[in-house]
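Letters A, B, C and D mark the chains in the order given here, with residues in each chain numbered from 1 onward.
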Amino acid sequence: MSTASSISYDDVVAWVKLVAERVHAEREHLTDLDSAIGDADHGINMDRGFTAVVAKLPALPVGDVGALLKGVGMTLVSTVGGASGPLYGTLFLQLGGGTAGKAEIELADFATALDAGIAGIQRLGKAEPGDKTMLDALLPAREALHVGLDRGDTPSAALDAAVAAAEQGMVATIPLVARKGRASYLGERSAGHQDPGATSSHLLLKAAADAFYGA
Amino acid sequence: MSTASSISYDDVVAWVKLVAERVHAEREHLTDLDSAIGDADHGINMDRGFTAVVAKLPALPVGDVGALLKGVGMTLVSTVGGASGPLYGTLFLQLGGGTAGKAEIELADFATALDAGIAGIQRLGKAEPGDKTMLDALLPAREALHVGLDRGDTPSAALDAAVAAAEQGMVATIPLVARKGRASYLGERSAGHQDPGATSSHLLLKAAADAFYGA
Amino acid sequence: MKKLINAPENVVDEALAGMLAAHPDYIRVEEPNIVVRKDAPRAGKVGVISGGGSGHEPMHGGFVGMGMLDAACPGAVFTSPVPDQMLAATKAVDSGAGVLHIVKNYTGDIMNFEMAAEMARAEGHEVTAVVIADDVAVKDSLYTAGRRGVGGTVLAEKIVGAAAEAGADLATVTALCQKVQDNVRSMGMALTSCTVPMAGKPTFEIADDEMEIGVGIHGEPGRSREKLATADEITEMLATPILDDLPFAAGDNVLAFVNGLGGTPLVELYIVYNKLAQMCAARGVTIIRSLVGNYITSLEMAGCSITLLRLDDELTKYWDAPVNTPGLRWGA
Amino acid sequence: MKKLINAPENVVDEALAGMLAAHPDYIRVEEPNIVVRKDAPRAGKVGVISGGGSGHEPMHGGFVGMGMLDAACPGAVFTSPVPDQMLAATKAVDSGAGVLHIVKNYTGDIMNFEMAAEMARAEGHEVTAVVIADDVAVKDSLYTAGRRGVGGTVLAEKIVGAAAEAGADLATVTALCQKVQDNVRSMGMALTSCTVPMAGKPTFEIADDEMEIGVGIHGEPGRSREKLATADEITEMLATPILDDLPFAAGDNVLAFVNGLGGTPLVELYIVYNKLAQMCAARGVTIIRSLVGNYITSLEMAGCSITLLRLDDELTKYWDAPVNTPGLRWGA
């Protein structure tokens, strides 16, 4: 049954659009972060991908959260490239798999789907916590989300806690020496810079909180 | 018979060495002038050539002004390259031809030899007065030299007048639009810059005045 | 940003169009932006494909043709191509003899190629993959992304392409590619940064008296920043780790490859080669083949990389075999 | 000055040593600094030599080999070589069939080659010379030094070298070279200046939003300084004067050559080529052969030049003929 805290199909569409908007606004920032320890394209890649996603939306089946998120994932895989393409693509494909056929979902469904999505990222990228990747934002966020839900926090509070954890994790990547991704080629020199992917992952979750429970 | 104003073999050696010294000192200036309207190598070329000349001096027959100047010309042809190599090479080869076998010369001999040298430059380069080349310094100098000698000026005064004329001619190249040499490729843009070769030609004559009649 | 381009977002497409216009007898360009050998698939021939971000020209598109690649998948500048491209390329070149994917070791390339390989296999194509990871500037370890694939990739594509052209089967071609990887080492340096067109500004700032040692081919900073040194000193900084790593030993025959990163003229590369030849000779390593020029670049970056490949008769034979591509050509 | 060099005064010698080390099977280097084809003189073959300042690599030394040049005379950077070099080269390659001097039209080159030719004739060698002057950026006139020799030189050396290799006599080879000159036109532009090693600083200053149109290959400023434009606009600024000058007419078959000046990567050259192909098509001019890359450079200058050569069957046949040099190779 639908509750006030349910996440509707439209909420999910709003989320995806908000992500696209903010990725575009943050494009230069994300690219600058990638210039310091990578190849100066993360913002460009994400913007290209989510621009394609928004263009694709009208073609996606209306009313099915799972189909929508699958479509987003497939579009990301086909348009982003680089490391972030397959990784975020897998994240959304798994989010879609966990919500297939649903017209609306509860945050708990979202959390379970997110578990699968993060597992997919780990399967594909074989990164560990502390490797200075997007996982350093996503793993603490997932943790906080479950803690909040188990504790019976309101969905809004639980998701906000997850966003806060993601932000901490993102900032915590600054001192890390990268062991995965391009940044790892820099060795010691990768320390002192915030990971671009952890930054975009935080952006994703923050947008979800704002889209699902109003900024 | 030898007069006080005669130019001895040693005077000529002193001249060549003084030119080498000053070309080296002026190397960057000559190259900068060539950067503006050419290919940034005139000072480098002249310095390479006269450094080779000084190195060659010990190997040249002592006491014969003509042989000395011929040797200088041949060395310049073999080491300078570019446009100035053949041109200055020819100048000295002709100076040598006009003074062959002489242990000392009068300024009149020098003037006659210079006529032949300048004629050689014109034969080779086919430039006219006003084309913005070394000739714009050399031709007025030759003119003044003959006027002075015909008027009975002291050799020192006559040569000083030639140097002054060369300097005027050199400065007068500034407004000219080049019709010969690399500067001609610039068309109108060549105006407003002093010709490097006219500058080195003035240097050559000034050094002669200083070496022959004491600075 | 000073470049001969029209719009940053059109660089890859317009360059591809220009390549097709210049070499219609070599290649065809198909959706989604893949460069395919004009006459692929060739009956009975193993397909050899590669791909990666754009900005490394002539690699990979310029190596499509007889005796080298059957297809290349160019991504956005410095961005791994997407699986759709490698899937389309695999289908376009598979004659039934299977397809080898030559993959440079970058997380993005690996993942995108793996996804494509899975899809292709699901559609019944036999696909193998060999990862090139020859950059000794990167310390290798189980816990990191490992070494980058750089200059060795060019040599692998040439040698493996020759074997495929000669009719070797997929297993043989795959093993040969691994053999190249096992015998090749590289290292690069940069005098300047480069500008990703869409980024619009240099990836890193660097002073007139500084250089980056141990750079890859994506404009990324290197392992360390040093004071500018002479060509001889720089050649030693690159060649010594390479020689020591394999290691290349007295009596070895090698192919010496001095590569320009895009903004460095040939005259400078020959000065580097001169020193490299002296270093090899001093160690009793004999250079029996050489390659000097811009073959795997990093946009307009000034700098160079050195690659050494230990040669045996088999590798030498396939290196010498005819090749006819826009970027590398001999014997045909 | 950021370069891969050891000492400015050693650049030419060390680059030559590196070239020899990299290509011992192609060339030998003799005093006074001349690059000679390994097996020259070849019995009965007309000798073809060229030369000019260094800094244009691979031209000319990189074009010494089968089907192209028999010898090259590299001067100091951007400085015409000295007569001694052309004399030595002429003697080194003359089999008795005579020697053609291919001379780029620069006052210095002309005078030094002429002096050498006179000396060689005095020693009994039959010598002819053809002057290449294909740069349409320079207005031609009886009273000036005339047009510069630029990109057309590369095409002339390839085509004439093929004819000489095929056994054509001196008169025929000379006439063919003149035919290339009569049918070729070029123009170039620069995004940046370049630095003559011995000078140590850029030949000219240029702002980030400016470019030089109508430059030669010696780092000299061009005919005019313009605001930076798109690749398409730049291609029009270069190709339109070229097409109008000969003029190239509808129905003409041409070889289109997009050349990089040293610091511009291939990806940009293909973008220029893309537009050039469109312009030729629009005029009914058919590109039947193409060349894209860095073949006649100006040290590390960023920029490009465009050269069009009107082809007939004879020129096409000799262009297609096998060539095997360090800088240009096919069919062998």
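Going forward, contacts are C-beta pairs under 8 Å (C-beta built on N, C-alpha and C of every residue); 3 or more make two chains touch, one makes a residue touch a chain.
Given the structure is predicted, the values throughout are model-derived calculations rather than measurements.
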* Structure fact -> Per the touch rule, with subunit C out of the picture the rest is A | B, D
* Asked: Most remote chain relative to subunit C, going by C-alpha centroids?
  -> B
* Could you tell me the distance, in whole angstrom, between the mean C-alpha positions of subunit A and subunit C? => 32
* Asked: subunit B to subunit C: how many Å between their CA centres?
  -> 55
* To do: Could you please state the distance in Å, as a whole number, between where the Cα atoms of subunit A are centred and where those of subunit B are centred?
  => 77
* Multi-partner residues of subunit D (at least 2 other chains) -> none
* Structure fact -> Among all residues of subunit A, those touching at least two other chains are none
* Asked: Connecting every touching chain pair, does the picture come out as line, ring, star, complete or other?
  -> line
* Structure fact -> Those chain pairs meeting the touch criterion are A-C, B-D, C-D
* Across the complex, what residues on subunit C touch subunit A? -> 32, 53, 75-84, 106-108, 111-112, 115, 135, 137-139, 143-145, 148, 196, 198-199, 203-204, 216, 218-221, 223-224
* Within the complex, which stretch of subunit B touches subunit D? -> 31, 35-41, 44-45, 48, 77-87, 124-125, 128, 179-182, 184-187, 189
* Which bits of subunit D are touching subunit C when the two form their complex? -> 2-7, 11, 14-19, 21-23, 54-55, 57-58, 62, 191-192, 208, 211, 228, 230-232, 234, 256, 258, 262-275, 277, 287, 290, 292, 294, 297, 299-300, 302-304, 324, 326, 329-332
